[in-house]
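Shown below is the structure under consideration.
Lettered A, B, C, D and E in written order, each chain numbered from 1.
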Amino acid sequence: MILKVDKVTKNFGGVTAIKETSFSVAPKEIYGLIGPNGAGKTTMFNIITGNYEASEGEVFFRNETLHGLKPHQIVRRGVARTFQNIRLFKSMSVLDNVLIGFDFQARYSFAESILRLPRFFGEEKRIRAKAMEILKYLGIEKFAEHKATDLSYGQQRKVEIARALATNPELLLLDEPAAGMNPAETKELADLIYKAREDFDLTVLLIEHDMKFVNQLCDRVLVLDYGKSIFEGKPSDAIKDPEVVAAYLGDFIHD
Amino acid sequence: MKKLATLATAAALLASFSVAKEIKIGAVMPMSGPLAAYGQVTYEGIELANELQPTLKNGDTVKLVLVDNKGDKVETSTATTRLISADGVVGILGALTSSNTAAVIAVAEKKKIPVIASVATNDKLTAKREFANRVCFMDSFQGEVIANYAISQGYKTAAVISDQAQVYSLGLAKAFEKAFTKAGGKITKEVKVTSGDKDFKAVVAQVKSANPDFMFLPLYHPEASLIARQSKDIGLNKPMFSGDGVANQTMIDLGGDAIEGYMFTDFFDYSAPPTQASKDFIAAYEKKTGKKEMNSFTALGADTYNVMLAAMNKCADPTDSVCINKEIKNTKNFEGVSGVLNIDESGNASRSAVIKEFKNGKMVYKTTVNP
Amino acid sequence: MGFIIKKDQWINLAIVAATLWFIWFAQTHLDEYTVRILNNIAIFIILAVSYNLINGVTGQFSLEPNGFVAIGAYVAALLLLDADAKEYQYDIESPYPWVLALQANFVWALFFAGTFSALLALALSFPVFRVRGDYLAIVTLGFGFIIRILAINNPEITNGSLGLNDIPEFSNLYWTGGVALLAVIAILNIVDSKFGRAMKAIRDDEDAAIAMGVNTFKIKTMAFCTSAFLEGVGGGLLAALLTSISPDLFTFFLTFQLLIIIVLGGLGSTTGAIIGTVLVMGGSEWMRFLDEPMNIFGIVETPAMPGMRMVVFSIILIFVMLFAREGIMGKRELKDLFKKKRGES
Amino acid sequence: MDFLTFMQQMVNGFSLGSMYALIAIGYTMVYGVLRLINFAHGDIMMVGAFLGYFGIAVLDLPFAAAALLAVVGSATLGMLTDKIAYKPLRNAPKISLLITAIGISFFLENAFNVFFGGVPRAFPVPDYMSHILNLGGLVFSVSSLLVPIVTLILLGGILWVLFKTKYGMAIRALAFDVNTVNLMGIDANRIIMIVFGMGSALAAVGGVFWALNYPTVEPMMGVLIGLKAFAAAVVGGIGSVTGAVLGGFIIGFTEVVVIAFMPELGGYKDAFAFVFLILVLLFKPTGILGYDFEKSRF
Amino acid sequence: MISVKNLHVYYGLIEAVKGIDFEVKEGQIVSLIGSNGAGKTSTLAALLNSVKKTGEVNFSGFDTINHKTHTLVQRGLALVPEGRRIFINLSVEENLRMGAFNNDENYERLREVMYTIFPRVKEKRNQMAGTLSGGEQQMLAISRALMCEPKLLMLDEPSLGLAPKIVGEVFETIVKLKEEGITILLVEQNAFAALKISDYAYVLENGKIAMQGIAKDMIGDDTIRQKYLGG
């Protein structure tokens, strides 16, 4: 198991957002986290990434605890994430956005950057080439010098994914990646995630409301309701589960 | 453009033939910013003195160039440099506070341009300087005058309230303490305030509990008047004494009844003009502004100009700054607006101080102390 | 991206050479008033570009430069004054023996001025970066204020409100302009490296930067300390230029002036900070004519109104902000202007 | 220090704190709706004090009428600054707004300096205001007794407006979302203007009281007072009106008490507001009664 | 009710809406569907004059061109914004009061009406609005918009970020409102759900109308299903 969430509980003041939830994700698995709003999905993400500290329980990544690590340290261990509403660096170019992902992989010091010593040039050249590679992989290399926010929504999503890939992750957390996309774009995204898993040896943990997307993509899903897990298993089974239907899916749209 | 330039040159040539030369004297004063109040009052005197005596003996006109330093040191240095290098002034008047005047002197000293300070009383200001002069007395002298007066009145213990943000206040407090202790007195309470403070209730409460014979307040009028008022509010009725910083009408307006009997030293008193020059100047002042109550800063400002002018008149070449400086230091028994002035080799003025008190909303002359 | 577009290299070199030539020319040929203004501008360029690094590039709205400039100025002044000069001028209290013992040459004095400021910044960054946004502004404003009060209240070290005088006048355009040039190059190099990218990322979205593995505290502290170092050096140069410093030089008006400079120039743009400095520092000297009596079209003779230039300055300031809300350069740099032209052709 | 002295200090602190509080309310309200540290607010207070002075000394008005003139005049000025300098920048970066605020501040200070002179003017305090009361050994003037009373009444009034009227609700709503307030059919700009008017009116009250208690008016008087009042607003929790009043009292008490109990620290008096401020922010980053704007926005 | 001709919306140099025409007839639900960035939200903003635009917008017989957002709202054009944007620091009831800012005389009556339509809003009327769940917030946002008795109710992405079950509830509510006689302009990227309840629909793509028609027909159309509804 690459990720193991062990009996995690999170309290905010008097409110329990997550209650004793456990699950594990196997290497190269695509694992979905679904459930109604306020069920604790994003909170779970924030605990894994170290933004929140679990009130109880622990998270293990590659059998090592993430407890006590700062968010940026967790990223450096190989856990990358995207955000629910795209959060690109507005004033920067697409390429610079991706280069931020290489921040900790570029090995030159502050003094070397001020004095422009050879290592600075060498390293910059190296990470730029790698960044361009990722952009090419996602088919957005022609926008490299564009301001990130000038791109279309779908392309911005890709930049965000490119940026996350740049941190060289083993586990990728995607928070509602298909939100705001039309069906065609959604399908393209699903294909991309599928392909990237193979090409980058990725494990993916994602939050999504679009059940079609989840169905198509996820190997397994965990359904959360009021901070508790009510179902774990194949997505095709989830949509038949009466408890899941009652708590989450409802009966308005079924196809 | 070329035509204009030619015209201008022609005009300048014409002017130099038909009219006598114009010689510039610079003034660096805080006309805006936190010190604007004092700068404006002082400059009033410089300006009026210039209006009264716009020419030298030889017929040359003296033009004042005023630059505002906003009470800021960077601006002071830049302004001084401008006066010397761009305007070509032969001497500089200013710049109010001792710390800004130090910045003026720093620039002028190198260029051998004499500076006359109006109210910068810090003892160390002129030391080791060749081109620094002043028309006011020094803190040490004023402190001594007050200490001796207090002892002569039989006061044995004193409380001192000084303003830590003002060099003037600290210097004066120190001079007083030194002289007072030397003469056998005892300082029983020392409190520091900061200019701009408005609430002194806690301060006066402390003084009250120390119960001194005498209170020395080397402050400016905004703080001094409030302390007087707030002392009265809590029933603290000890004799109070200040330096020249309170010698103005605003102090009376602000202090009201609370400063009845409050004493202070001053350079000058408009109601008892020490010289003919004073009388004339006060008359001119009244004519110009409609009021008679002239601030002593105004008188000192006028004297910086007058001393400079007199020195220029004594030089064969009134633009020779070194000569002017020499003649400034040679000022003997000069009938100034603020009194009779002597300036010594080191540039310090030796002059009388007057002790006054506030009575019935007026400044009343008590006595004169000579150096 | 200096290394990718090789063509830029010679432009950069040409700019550096032109600057050096101008410094030499100004120092040797121009009148002292102009040189003095240029000195002021050079020092304020150092202060503005370094303040811009923390405030504009990293987006940490801090209001502290008056504090660091003060530290630098006092450290340099104490190191440059010899024991005699110190002993002589301390008026309010006698100096501590260690104060008398401090001594260094100009280069070391500047170095220590910067280092001391930077170390203080390092110590401060732990509490300061616990808060964000406007709260950061208030905390740093308070810090600048406290430094000044400390300077007033410790006359054994600082000579209190009288300040320090007779500081040897080392600063000239070679020093001020040279250090300014180095500071600008250093800042541009930082901005155009992974550190600068991380700083900008923090400005744009701190949480997203963390999610990219950026150690935001470290980067913020780096920007803060670099900024403090250069502000300290600038303070040292200022002390050696004015030869006289006192606490009233370092009020928050100094900070406001720098803030106005960098916002006017375009927050985040180093080029903008330089342009802003020249406009504000040069402009406020140029506007001195407003204080003098004026003859408007030969019809009306206005009396002298000292202080008028500040009134006009504030009106201009408001108007510039109303019509150029991103400042003159926005976030662009000089090279972006070239780039755009090339892109269009 | 005996009990009476202690009580006297408390009374003094209460009185001084009230004046900070009156000014702090304006800072906190404007920050609440615009996220703007209105650096010109202290100068609006200065204008208020000046208007009071002109009312009495130049126009020969009775005190109450002069005070009314100060309040109305300052409120108008406050609204005018919003209209001219802040409203056009509603969608601009916050920093631009801050710079125009500094511009307005410089403008008011320097314009008053140029046109009315920098020399402090004595504020003509009516006799009944400077009358000294002695209550069992506690001494204070009528005006210094009046400050806290008026402050608390005004605080009550402001809270009533904020929590009981629809305009108050709109002001609170604005604190979180300007655009949506417009969607309610409310002219958000008008509400913001009302906020400026209210804050400036209170600043004028503070200014007039200041002039009554420490009877001078001069163009730079608003700088330090304004800064300390702002510190008070932040200590109390910026955005919260009650917090501003609380912060004002805290800063006022600190200043008075520090000098009373530790006179040797008197020189650091002005720094105390900021030391206190920094300490509060480090332990409670949003001030005592404040909420985190950045987080709770969504 | 509202008719739009040749509408363009600009953000600086970028043209977000490139000349569209559409209309909403009284008593209907009309949908504008399309993916993010297609220009849907910009269109709504243009109707309320809160962005720079050109073109003609005729709202029940009068030209909206020179009116500010708040006067248009007073005239009966209400918007439930994307992301709900309820006033989280106000109580639920105060949120409703804000909705009726210019409708003092009818406030209490309308409040009771809302409480009947949305019983859960009534249950929580004294709570801070921020404590409501996503679905409840959406209900509150809709009822708040109805407090000014609008002639046309515009909803911007009411399903965004809501669980499928809640989405269903929201859409059922919209149908109920239509039955009450309220005209509705619905902007959605959840095309399928929107078409299901709409009378007429427009598909926006890159700032232009790519397709329009009667909603039922569109659901039935295979090519549309393929392209916009994801099979």
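Couple of notes before you dig in:
Definition applied: a residue touches a chain if its C-beta (ideal position, glycine included) is under 8 Å from a C-beta of that chain, and two chains touch if they have at least 3 such contacts.
Here the structure is a predicted model, which is why all the values come from computation and not from measurement.
Chains that count as touching both chain A and chain E, per the definition above, do not exist in this structure.
Separation of chain A from chain B in touch steps, taking the shortest path, is 2. Between D-E and B-C, more contacting C-beta pairs join the chains of B-C. Farthest chain from chain A, judged by C-alpha centroids: B.
The centroid of the Cα atoms in chain C and the matching centroid in chain D are 32 Å apart. A separation of 73 Å divides the Cα centre of chain B from that of chain E. Between chain A and chain D the centroid-to-centroid distance comes to 48 Å (mean Cα coordinates, whole Å).
Separating the centre of chain B from that of chain D, both taken as means of CA atoms, is a distance of 36 Å. Residue positions of chain D touching 2 or more other chains, listed in rising order: 110, 113-114, 267, 270. Multi-chain contact residues of chain C, defined as those touching 2 or more other chains: 152-153, 306-307, 310. Shared contact sites, meaning residues of chain A that touch two or more other chains, are absent.
Chain pairs that touch one another: A-C, A-E, B-C, B-D, C-D, D-E. The residues of chain D lying in touch with chain E in their complex are 166, 169-170, 172-173, 175-177, 179-188, 291, 296, 298.
By the touch criterion stated above, chain B contacts chain D in their complex at residues 31-37, 39-41, 164, 191-194, 196-199, 201-203, 205-206, 209, 221-222, 225-226, 229, 233-235, 250, 253-254, 256. For chain C in complex with chain B, the touching residues are 31-33, 36-37, 40, 88-89, 91-92, 152-153, 155, 160-163, 165-166, 169, 238, 241-249, 253, 285, 288, 291-292, 304, 306-307, 309-310.
Every residue of chain A that touches chain C in the complex is listed here, in rising order: 49, 51, 70-72, 75-76, 80-81, 83, 87-92, 96, 99-104, 106, 108, 110, 113-116, 120-121, 124-125, 127-128, 163-164, 166-167. Of all residues in chain C, only 2-4, 186, 189-190, 193-195, 197-198, 200-201, 203-205, 207-216, 222, 268, 331 touch chain A in the complex they form.
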